[in-house]
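Below you'll find a set of structures to go through.
Consider the two complexes below, in which chain A is the common component and chain B and chain C are the respective partners.
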Partner chain A sequence: MVSLYEILLAVVSVLIYPGLIFLIVVGLLTQWFMRKLVGRLQNRIGPKYVGPIGLAQPFADVLKLMFVKEELSFRGRLDKFLAIFMALGLGALATAMLFTPLSPYVVKAPYDVIIFIYLMLWTTAAFSFIGLSLSNPFTIVGSSRLLTQILFAEPVIVTSIIATTLVLSRNSETPLSIYSSIINPKLDVLGLVVIVLSLIAFFLAVMVKTMIKPFDIPEAETELAGGLLAELSGPTLALAIMLHYSEIAFLTLIATLLFLGGPYPLSYGDYLGPLVIAVKYLILLFIITLIRASAGRIRIEQASSMIIKYMLTVSVVALIIASLA
Partner chain B sequence: MVDVVKTLYEVLGGKILRHEVIRDGVVIDVRPEDLVSVVKGITEGLGGIYTVVVGVDGRGIDNTYHSIYVFSLDELKTYVLIRVRLSPEDPKVESITPIVKGANWGEREVRDLLGIEVLGHPDPRTLILPDGWPSNTYPLRKDFSYCERPRLDNPGSNYVPQRSEEVVALPYGPYHPLLHEPEYFELHVKGETVVDVEYRGFHVHRGIEKLGESRLTYNQVPFVAERICGICGFVHNVCYCQAVENAAGIEVPERALYIRSLVLEVERIHSHLLWLGVACHVLGFDTGFMHAWRIREPVMYLAELLTGSRKTYGINLVGGVRRDVNRDSIEKVVKILKKVKEEYDHFVKSLTSVKEVVKRLEGSGILPKSEAISYGVVGPTARGSGLKRDVRVDHPYAAYKEASFRVPVYSECDNMSRLLVRVDEVYESISIIDQLIDKLPSGPIMAEDVEVPEFREGFSGVEAPRGEDVHYVITGRFSKVYRWKVRAPSYNNIPALKVMLHECPLSDAPLTIASIDPCFSCTDRLVVVDVLTGRKFRVDLRTLARRGKL
Partner chain C sequence: MDVLTLTVLTTGLMLLVGLIILISYLIVRRESSSKSGLEAYLCGESMDDFKNHISLGSSNLYWGSVSAVLKKFYDVLRDKIHTGILNDWLVFMSLWFFIAVIISFIVVFVGG
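Let's turn to the complex of A and B:
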């Protein structure tokens, strides 16, 4: 029998913490961090005007797009579907957060990693759908490039998550469960090897999946004028921006919790735990931003060979070791 | 010059009706029916490279139209101007495009603006005038008033999409983040490969040549000429002044020549740094973009120090310069350049060590040497294809005789070689400035006697950062120019993009377009009236509005 309290807790978890609102806020703060850091690396100031050291700039940008800018529509543009798909992507991410120990309402079951991965795929589906619901040649080329990229990168993400959970929740009551892998990891030397390999593969694949330089091939401002996002405006663009940065925040958070041990060496009950998580999160983000600032865009075939060489191979090796261990 | 004339007579024999030696070139008169064979003799026999076609409404001089084909004889260090005189009633001339691909645009321009019919042209579509321009109205004829605005017929709305099932037409322009000026490239893409490209330019309509010929006096034109380009305007300014000086036989004081060279080199440095930044941006390497422009900033300051403005210096007049440089600023110049060189060194090393950037640059946008010659490409585009062409060496002007420098040439013919040419040129420019400052003579900066006689021809070339810029001038009455023709470097380079873009991966197409450092506003200075249109189809504003809305 499900109590009213549980339902309320679930709703609050999905909508506020660590779900929708939390993800959007963390996502936009992540955007601020990346913009500021890239700005400094490029001899610019970066966001500055709104809020202390420009912290509120991304929020101001999104709010402006939502309430001030108009939505431009044209024939052949599937407006409603666009919004629905992006909302679904955002919702799926928020729901996936319930699998982590950050959530007061915990979801765990044996083999729940499958559901987790399924939920993660929704953002990609949303972005691919953007390309298909607009009749602009730039968007079409952009979405075909995204699909190519995803075709190679998604298996990497799936393989590395499965390999890690396989190792970490080996002897637990709920095998292959995200929650028990994070909260109660079983680690030996071989397991450590698997995790390091998976982390490398996962980390790079996140950059591919979230279209960060040098993998911003589907967006490619100077080639495709924004590609996927070329025809978005007003609230829809705001939604796309929120979805994009929430995805980056979500995936980096998962990397922090699953591969880097969350608050380790502290535990989840410790009041300094969130600080440790934040520091690890920022370190990952710093590396991503550093790569982003020091690389040019590569060609799609260069990207796919890079993914196969450095990501797919590594993650498959990790999976083989994990299954043998 | 005697040798040149002798050689010309040896190669062309009796086809030369008469010749006239001008400063920096030889004008030969030929019969219209001999034109093609003369051009063949010049290109095949003497290795002449196409420079420009100039049309002149000479009815006010000798009651004929002139069509002048200019070729650069780099080895003989001179230009040869082949002039045919055409009947005033029905000017017609055989096309030379079948043998010289580069003349394609030049001949169409002459037809559009002066009504000189070109027979046997392989691509006789309108080039410059907008669709709907009334027939038999030629804006550069002398009987066409500069303030006249003809009514355009409605361009119509017969919109026919031109893409087949497999080809996606990607519109690059008129407004696109890649192009910072309005220009239209339609890339036909199959998968990720560009199979064809369509170009439609001439969206910027200023009518500067007409303005210069009808309203301005000699010494007003340089200021307008400088505004042809927003990056390398000074080259147009110098080139015009030199053309008039050549026509009038004015001797410019040595110090003025040095100052011109100094400022030209400062302009080259800032332009190349600007381009390097843009190239990084096109590659998605924005960090490189920001840092290139950071390094460029002191160079802009340097320009201000020498001339009083960061851009559009306005220091040139026919006969010399208006503003001297003082000793204090020269000391600062040396100091600033030293710092710029250090930072630039560091920047270039980091740029060429980013693997992604190098991989994207190498092997893309190939322009073979033979095509480069046929299209008559100029500047770094030519030097990246193994052609050793540089106006500063081939047709020395200003104070370049006094400086020793290397002309960087790379023969890989790809985007990387064009980049390396520009990278090396910045070092050379810094060295030229150092040398000129050491030797800077004292003395006046303006010629004492500036008299411009009527109806004299002058021709001059200047090596702009983008390549050879040429101006042709016929002096006129009442302190005005009778004919002023400008040919900016991009005018010769853009047609060669068709070769470079063929079978190019889509991701490299923007870089290839950027690799010629196209300066569209220089190219576009001739059109008079505006209409938004693609080449194969026409879309007027009404259709666009109707089709754009839900």
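Let's turn to the complex of A and C:
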């Protein structure tokens, strides 16, 4: 029987830490970090005015969109449909955080990696439905590009996560479980090879999934006028921005915890552990931003063949080694 | 916890968070929603003029780039396998069956 304390703990975990509020705050701070770094790399100042060194700028932007800017409605637009999917996308990300050891209420089961992957798919579904629920050719083309990109990138993410959990949760009581793989990893030399290959594939596929340059083909500001997000304004745009940056924060955090060992060489009980996790997180984010600032957008078929050649093959090789190891 | 309970639990929590976000969105939106731009325009012209004329075919929109990237694969599928001749189809299907038998032999006698 589930006690009231457990239910309360689950609700608080999914709503505050490490769920919804935590993800949104980390996501918006991630946005600040990326904007500031891209600005400095391109000889601009970046966010500056709100908060110390512009730290509160993304929060101010989102609050302004929510409470000041008006939302324009037009014929053929499915407003509620749009909001329902974005809300579910954010909800799925917040729930997926319960699989990590950061959560006070941990969920785990044998083979729970499948549920984790199912939760991760909701954000992608939400972004695809943004384009399809607005009657604008730009957003529809953006959506079709995203679906094409995802068709190739999602198998890479699934394969690399399964390969890594297969190696890390070997001989564990709960096989193929995200929590067991993160908290108590079993690693040998062959396992290390699997993790390095999976990390490379996962890292690049995250850039495709979250539409970061050179894979910002669905947004394509100069070509599609913002693509997916072209028609959004006011609170809906704020919701889309929060969803987008929460997804970037979530996937980078999963890469840090699952592939880079979280607080390793320290342990989760250590008080310096969160600092090590933050440093690893920022290093990953730095690399993503460096690629974003220095690369130009590529075409959809170039991106697709790039994903097949350099990501899918690497992740499939990792899975084969993981199953043989 | 077993997988089924976990699926129900996580889906329930996801719906709970989604519902809270949706309610707060609807509260915030009611104050700011505007109907001033009800007509949709494309390059300064009304969308109604465009709607009945120009639109991308759904096959191009959703399948065009995929078939362009995997062109060689589809060429082989179409020209070598899906020729419309029954014998070719039979060979193709028997081949898959043969591979499935070999894999099951490996799994049963080598793996297990």
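Here, the second predicted complex is superposed on the first by the 325 of 325 C-alpha atoms of A that agree within 3 Å, B and C clash if a C-alpha of one lies under 4 Å from a C-alpha of the other, contacts with A are read in each partner's own complex, and residues count from 1 in each chain.
Note that a contact is a pair of C-beta atoms (placed from the backbone, for glycine too) under 8 Å apart; a residue touches a chain by one contact, two chains touch by 3 or more.
In this text, all values refer to a predicted model and were calculated from it rather than measured experimentally.
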Counting residues of chain A touched by each partner, does chain B or chain C come out ahead?
C
Between chain B (first) and chain C (second), which, if any, makes contact with A:L41: first, second, both or neither?
first
Touching A:S73 in the superposition: chain B (first), chain C (second), both, neither?
both
Touched partner set for A:S323, first chain B, second chain C, both or neither:
neither
Using the superposition on chain A described above, determine whether A:G234 touches chain B (first), chain C (second), both, or neither.
second
Is A:K213 touching anything from chain B or chain C once the two structures are fitted on A? First, second, both or neither.
first
Would you check which partner chain A:S267 touches, where first means chain B only, second means chain C only, and both and neither mean what they say?
neither
Of the partners chain B and chain C, which touch A:P137 in the superposed model: first, second, both, neither?
both
Identify the partner contact of A:E221: answer first if only chain B is touched, second if only chain C is, both if each is, neither if none is.
first
Based on the superposed arrangement, let me know which partner A:A295 touches: chain B (first), chain C (second), both, or neither?
first
Chain A positions touched by chain B in one structure and by chain C in the second:
73-75, 137, 140-141, 300-301
Using the touch rule from the top, collect the residues of chain A that touch chain B in their complex.
38, 41-44, 73-75, 137-138, 140-141, 213-214, 216-217, 220-226, 293-302
Can you name the residues of chain C that touch chain A in the complex?
1-3, 5-7, 9-10, 13-22, 25-26, 28-29, 31-40, 42, 47, 50, 55-56, 61-62, 65-66, 68-69
Would you pull the chain B residues touching chain A in the complex into a rising list?
168-171, 176-178, 189, 192, 280-291, 294, 354, 356-357, 359-360, 505-510, 547-550
What does chain A use to touch chain C in their complex?
10-11, 14-15, 19-20, 66-76, 83-84, 86-88, 90-92, 94-96, 98, 107-112, 114-115, 118-119, 122, 135-137, 140-141, 144-145, 147-148, 151-152, 234-236, 239, 300-301, 304-305, 308
